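Two complexes are shown next, each including chain A; its partner changes from chain B in the first to chain C in the second.
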Partner chain A sequence: MKNSNQRSLWQKTLLNTATSVAVASVGVMGMAASAHAEESFKVGFVTFLSGGASGPFGVPAAQGADIVIKAINEGSLPAPYDTKGVNGLTLESVVVDEAGGPTKQVEEYRNLVQRQDVNAVIGYISSGDCLAIGPVAEEMKMFTIAFDCGTSRLFQEIDNPQYMFRTGLDAVADNVGAARYLAETHPDAERIAGIQQNYAWGQDSWQDFTLALEQLMPEAEIVNNQMPQLFQGSYSTEISALQTQRPDIVHSSMWGGDMESFTSQANARGLLEQATALLTTGESGLHRFDGQAPNGTILGGRGPFGGFMPENDLSEWFTKAYEEEHGTPPSYPASKAAQAILALKYAADNSDAEGIPSSEQLAKALKGAEFESVSGTVKMALADGHQAMQPMLYGEYHFEDGEAELRNVKSYPGECVSAPDGYDAQQWIKEGFPGVDCN
Partner chain B sequence: MILEKSEIPLIGAAVAIALASLVVPSWLVFTTTLAISTALVVMGVVMLMRAGLVSFGQGLFYCLGGYAVGLGGRYLGITDALLLVGLGVVVTVGLAMVLGLLVTRYREIFFAMLSLAFSMILYGVLVKSHNLGSTDGFGVVDWTILGFTPGSGESSTRIALLLALVLALGFALFLNRYFKSSLGLACEAIRENEVRVEYMGVSRKQVLYINYVIAAAVGSVGGSMTALAAGHVDPTMAYWTISGEFVFIAILGGTGHIAAPFLAAIIFTLVRTYAVELAPNAWQMILGIVLLLIILFLPKGIWSLFTRKKGVAS
Partner chain C sequence: MLTVWAILIDGFIYASWLFLVAAGLTVIYGVMRILNMAHGSLYALGAYASASALGWYYAGGGDQLLVAFAIIAASAVLIGALTGLIIERGLLRLMYGRDEVLMLIVTFAVLLILQDAVKLIWGTTPYSAYQPYVAMGRINIDVLTVSGYDLMVLGVSIVIGFGLWFWLERTKVGKILRSIIHDREVSEAMGVNVRRMFTITFMIGATLGAIAGGITAPIISVVPGLGIEVIVMAFAVVVTGGLGSITGAAVGAIIVGLARAASIHTMPELELFIIYAVMAGVLIFRPHGLFGQVIARKI
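Let's look at the complex of A and B:
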């Protein structure tokens, strides 16, 4: 009897507390929403804050975005972004964790738009999330910028995009660029092997790379490809399998911690003495390898980002500001996030809107635009003006006297690595890159 | 059909949610749709739990339901939502009838691990299927219902909710009677003492098999509704963490009443979405603490708040 009385007391307390917390939080949030609705522009920023992609990508991206947002509100950015705020409005960001898969991201996207009343959404590192968000953004008519995801299907799956934009390149450009760099710098490589994480990104990357290689280096033989699990961590079996094939080049689209562990393990096992590694996302490890990758390892940064940023006022300012705040130069996810925020500022400043620009005004301003960014001038020239066309860069890692740097950097213009509109990317490669312009 | 007394509140709750959907903000409508879809799968988990079996692989049927909607729309050209849901049920029941022959022979941890293994096999196959987008998954076609096109925007989210509500109500009414039927009661008896059940002349194999197949069908409908509402399917649906989430929600709600999974799923989803909003860097911790507290103070699940047992000695 006593037991049941006790429980009912607990039950009541719990129920009461839960109810009051719920009511209070709804009230507080309601007030917050109404207090800020007038004078600020609210952007939802979605990036991995937990899970395996948060360390190498998600958190640096959030930090990069944060630095640019702060500078925009202070008005301390170099020209042409030296005006305060976006279209004169304070830029306020709501950060959301991207973990949990596409279904949850669709839910959180709707919550951002309808509950938190954001005026724009920037985000998405995972291709699966991008593919799921694209149609929802169009349905909800919300100006949305994908800043990092690499799937080439994004704009194939949306008919006539209006509100969805991407301010980076897709993964096809990474791998076509990689094949071009290889053909130029290692024309005598004969045996090519690969190691990819066993999921969409790894499968797509290897497919695009091998297709491009068949066109550009028809003499080279593809000897092996290993497909370890995502976040596997230990690659001794795969390294042994690769070693028996005696490759000259090992292509890998692995990213983040996986890429770094593979590189150090392969280096210790001697694989990287006989073969040169080509890491399409290797730039994120540029300041983390500390000599664990041999000199001459080929790194990519998914475009002119991170260590590949060209020298201009914006990139110098960004590198300095990021280094001051976080003690290390920005990696490519940080610069890509910065680029997306700059695109938003460009669109808002050029929207000719009074007060808060609408999604239509923002989309109209950004569509087909050319804007200045940390990666140079960005042309929104692909997917009917919704996707950036940028050069693709590769370079060699060199580590001397405790300083890491990129040497022998080669840049391939956007027209050289991206399929023109109306072409399926794989078809474009197979047909021998029609309409390509590499000068 | 004469309604039983316990069915009137269920119908009342469904009507109340349907009416409320006309006034509440659109995000809540969408969240509720997902919660109801989840609750459908959880009902299947509860069915198995009543028979003493814990399935860590209900994601298998959830995923099959989702992919049936995705593939049916994309490759078979079916756009009618009910047909797509039906397709999922047919496929799932077909598979469950085969798997059931094997897995219902096992109990406890062996059943849990075996069910988990089968769902991870589907996950592995889908991840390897490059043409189906591998881990990225693919989009679901715009669907219609009985010749009516819901279009896009708010009306389509409301129609998805109504569809989920109707299906969920149907299953809730069915299972409410099922739990009281001889078959449903036999499940509980099996949990208590299998040998005695056999002595009473009931085939435990048959009972568990039928129970397993129905649970699979309910799970498939939940997956199909999630796919229709979210507009995207991907292999994560079959991943073991998702199945674990279903078991968790089942424990959170308790097995006491057919409405418990719905209540638990809605609470789970709301706690999660507000935790994500309020603490983007620590939402998992908040979610974990809240759920831990509920389990700690309500070991029989949230539903025990509503049952006033008068001093039953335990």
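Let's look at the complex of A and C:
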């Protein structure tokens, strides 16, 4: 079968090389322009540019951010962001590679703040990096937005946050949403299995999902959970182990190349004929599966991002601009990065500052705010106004006539999938979601 | 009973892949006493070259499985042999006779350089070349299925293992190599062109690494950094079996493969632990691995 993925491999080679050069150029341009710091607002943008997380997450995020930054400087964004710059200032980015682990990232963060003199920092895909950066951001009093990391412990480990924000949802929302979708669309599923990458993200996701399932589908039986190594690539033995347990549903929080490899192998081995896969980050493969996931596979996009973006002026503009520049619709990491940049513009434009807004002014403007984004209206309603609350969406993958689309999409309000302030997330689930509002 | 069958089938399939990955590493160490950290990058180069070539073939309308296998073999052999030649001639030959630890650091530097070179050439987007894996179909055993492609990898591994044994034990070149392994200085004194033999050996080892990557490409999503993950596993196998021993690599792969499969089917949370537990257990009783030989230091 011919498909667009294979058809464009050589084109992608050229495109990727060009992208690498472009991403590097953004960083160099950012540094070169530091001499004009008085006239511009500098933001450090931290994302994976190397390693296994770069291809599916880091680079699309950098590309998404780059598109929005260019449009901000040109004044070509749709309303309400149709003014030039941030608070009238040119927005410059200093792009930093997130690879290397939390210790290195703390060094890079200090370098951004103390030597590069950035005015704000946006970044962090890895939960480990987020947890390390949070306290440092508070200590250095630097306005910082985490755009993607999913750990629910981020604001549990910062006492009274002032400068740290997150404009996306956490893993609890992903997995409570996944359990709700399953309870609604597959109420007869009896045997539930899982496969997760063996580190904090995978372990936390499985814990949150199974706790939520106990509440929402108490009759369902957890029959097996596999914990392969991160970036393992081949899952032949794990697939056999899952098959012998005869599951109805296979839940997975695996992401990127691991998620795509598992799906492709499980499909070829027939596991996905025996069971339905529920992939909490599957949206990033929506335009890459090319039929290698069976129709009906349940995909999540960590909120209203990527293929789950609602129709509004901003999302339509972003999708068009991204497709024109990169030849493919934006996946959820690109959308989340775009959202964080828009949050920065909102905060700067509403800071009442003259010239470059301070971290305190930016934090005051964003705390508890409601701002428009590619994912709709974002309410900074959790963690005392520092954490976004948004709907969680799931849908079914369908591939026909060479086109992939999401069907049977269901949206759960933020109040339905996120623990209210003051609650430990796991305790909230165990107590049966007190204060929940799913209407 | 189904679980026992699954453990045996999965164990041997994984062992065959492990052996493919580890064979080149152990050949190079056995002959040259170089612990080639760049082996992981050669695996990655083979995977990327095969995925790209397969992408080009299928994008052009190709659908012949045999042609796809020929493409995998040709692209992996070409890039493996060429890169091996460049590394050996351009770098390693300048450092022969140096300490083994220095050679390890040098090859680690090559690993890092090649990792970045891969990103410059192929970018960071995952590559997928799943068509041969799907086209090989599957065999059903009750609810269990076995991929035809995985069985093919098992076959290739047996052929390569036998081929390496034949090459080292039954050919003139093999005898010369064994004489070098036994005593390099005496071999040189007897007129053996050791440097030429080193070049051939390194090219063969590098090609084996690239072939392992090429064969794996249709199974996985080819992403940056995959070489690093593989080299750790390959070391676990060759250390368990005994550095430099082909038989050791095969037996080490089978032990690790079966132990891992047993863990996944019965105690999945111990999957990672069991591999290194086996390695540690073997090294406690046989510090040089199952088939490793104690070599007296020359003074």
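As a working rule, the second predicted complex is superposed on the first by the 405 of 439 C-alpha atoms of A that agree within 3 Å, B and C clash if a C-alpha of one lies under 4 Å from a C-alpha of the other, contacts with A are read in each partner's own complex, and residues count from 1 in each chain.
Throughout what follows, a residue touches a chain if its C-beta (ideal position, glycine included) is under 8 Å from a C-beta of that chain, and two chains touch if they have at least 3 such contacts.
Quantities reported herein were computed from a predicted structural model and do not represent experimental measurements.
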First (chain B), second (chain C), both or neither: which does A:198 touch? both
Answer with first, second, both or neither: which of chain B and chain C does A:50 touch in the superposed model? both
Can A:153 be said to touch chain B (first), chain C (second), both, or neither? first
First (chain B), second (chain C), both or neither: which does A:292 touch? second
Quick check on the superposed pair: does A:127 touch chain B, chain C, both, or neither? Answer first, second, both or neither. first
Just to be sure I read the superposition right, which of the two partners does A:114 touch: chain B = first, chain C = second, or both, or neither? first
With the two complexes superposed on chain A, say which partner A:256 touches: chain B (first), chain C (second), both, or neither. second
State whether A:135 touches chain B only (first), chain C only (second), both chains, or neither. first
For chain A, give the residues common to its interface with chain B and its interface with chain C. 1, 7, 10, 15, 49-50, 198
Interface residues, chain C side, partner chain A - complex: 2-3, 6, 9-11, 13-14, 17, 51-52, 54-56, 58-59, 61, 116, 119-131, 133-134, 138, 140, 143-145, 147, 150, 216, 219-226, 229, 260-261, 264-265, 268-269, 271-272
Chain A - residues contacting chain B, complex: 1, 3-4, 7, 10-11, 14-15, 25, 29, 49-50, 94-97, 101-103, 106-108, 110-111, 113-116, 127-128, 131-132, 134-136, 139-140, 151, 153, 157, 198-201, 203-204, 207
Help me check something: in the complex, which residues belonging to chain A touch chain C? 1-2, 5-10, 12-13, 15-17, 19-20, 49-52, 54-56, 58-59, 198, 224-229, 231-234, 236-238, 240-241, 243-244, 246, 256-258, 260-261, 264-265, 268-271, 274, 288, 290, 292
Which stretch or stretches of chain B touch chain A in the complex? 25-27, 30-31, 34, 127-128, 130, 133-139, 152-153, 156, 226, 230-232, 234, 236-237, 269, 273-274, 276-278, 280-281, 283-284, 293-294, 297-298, 304-305, 309-312, 314
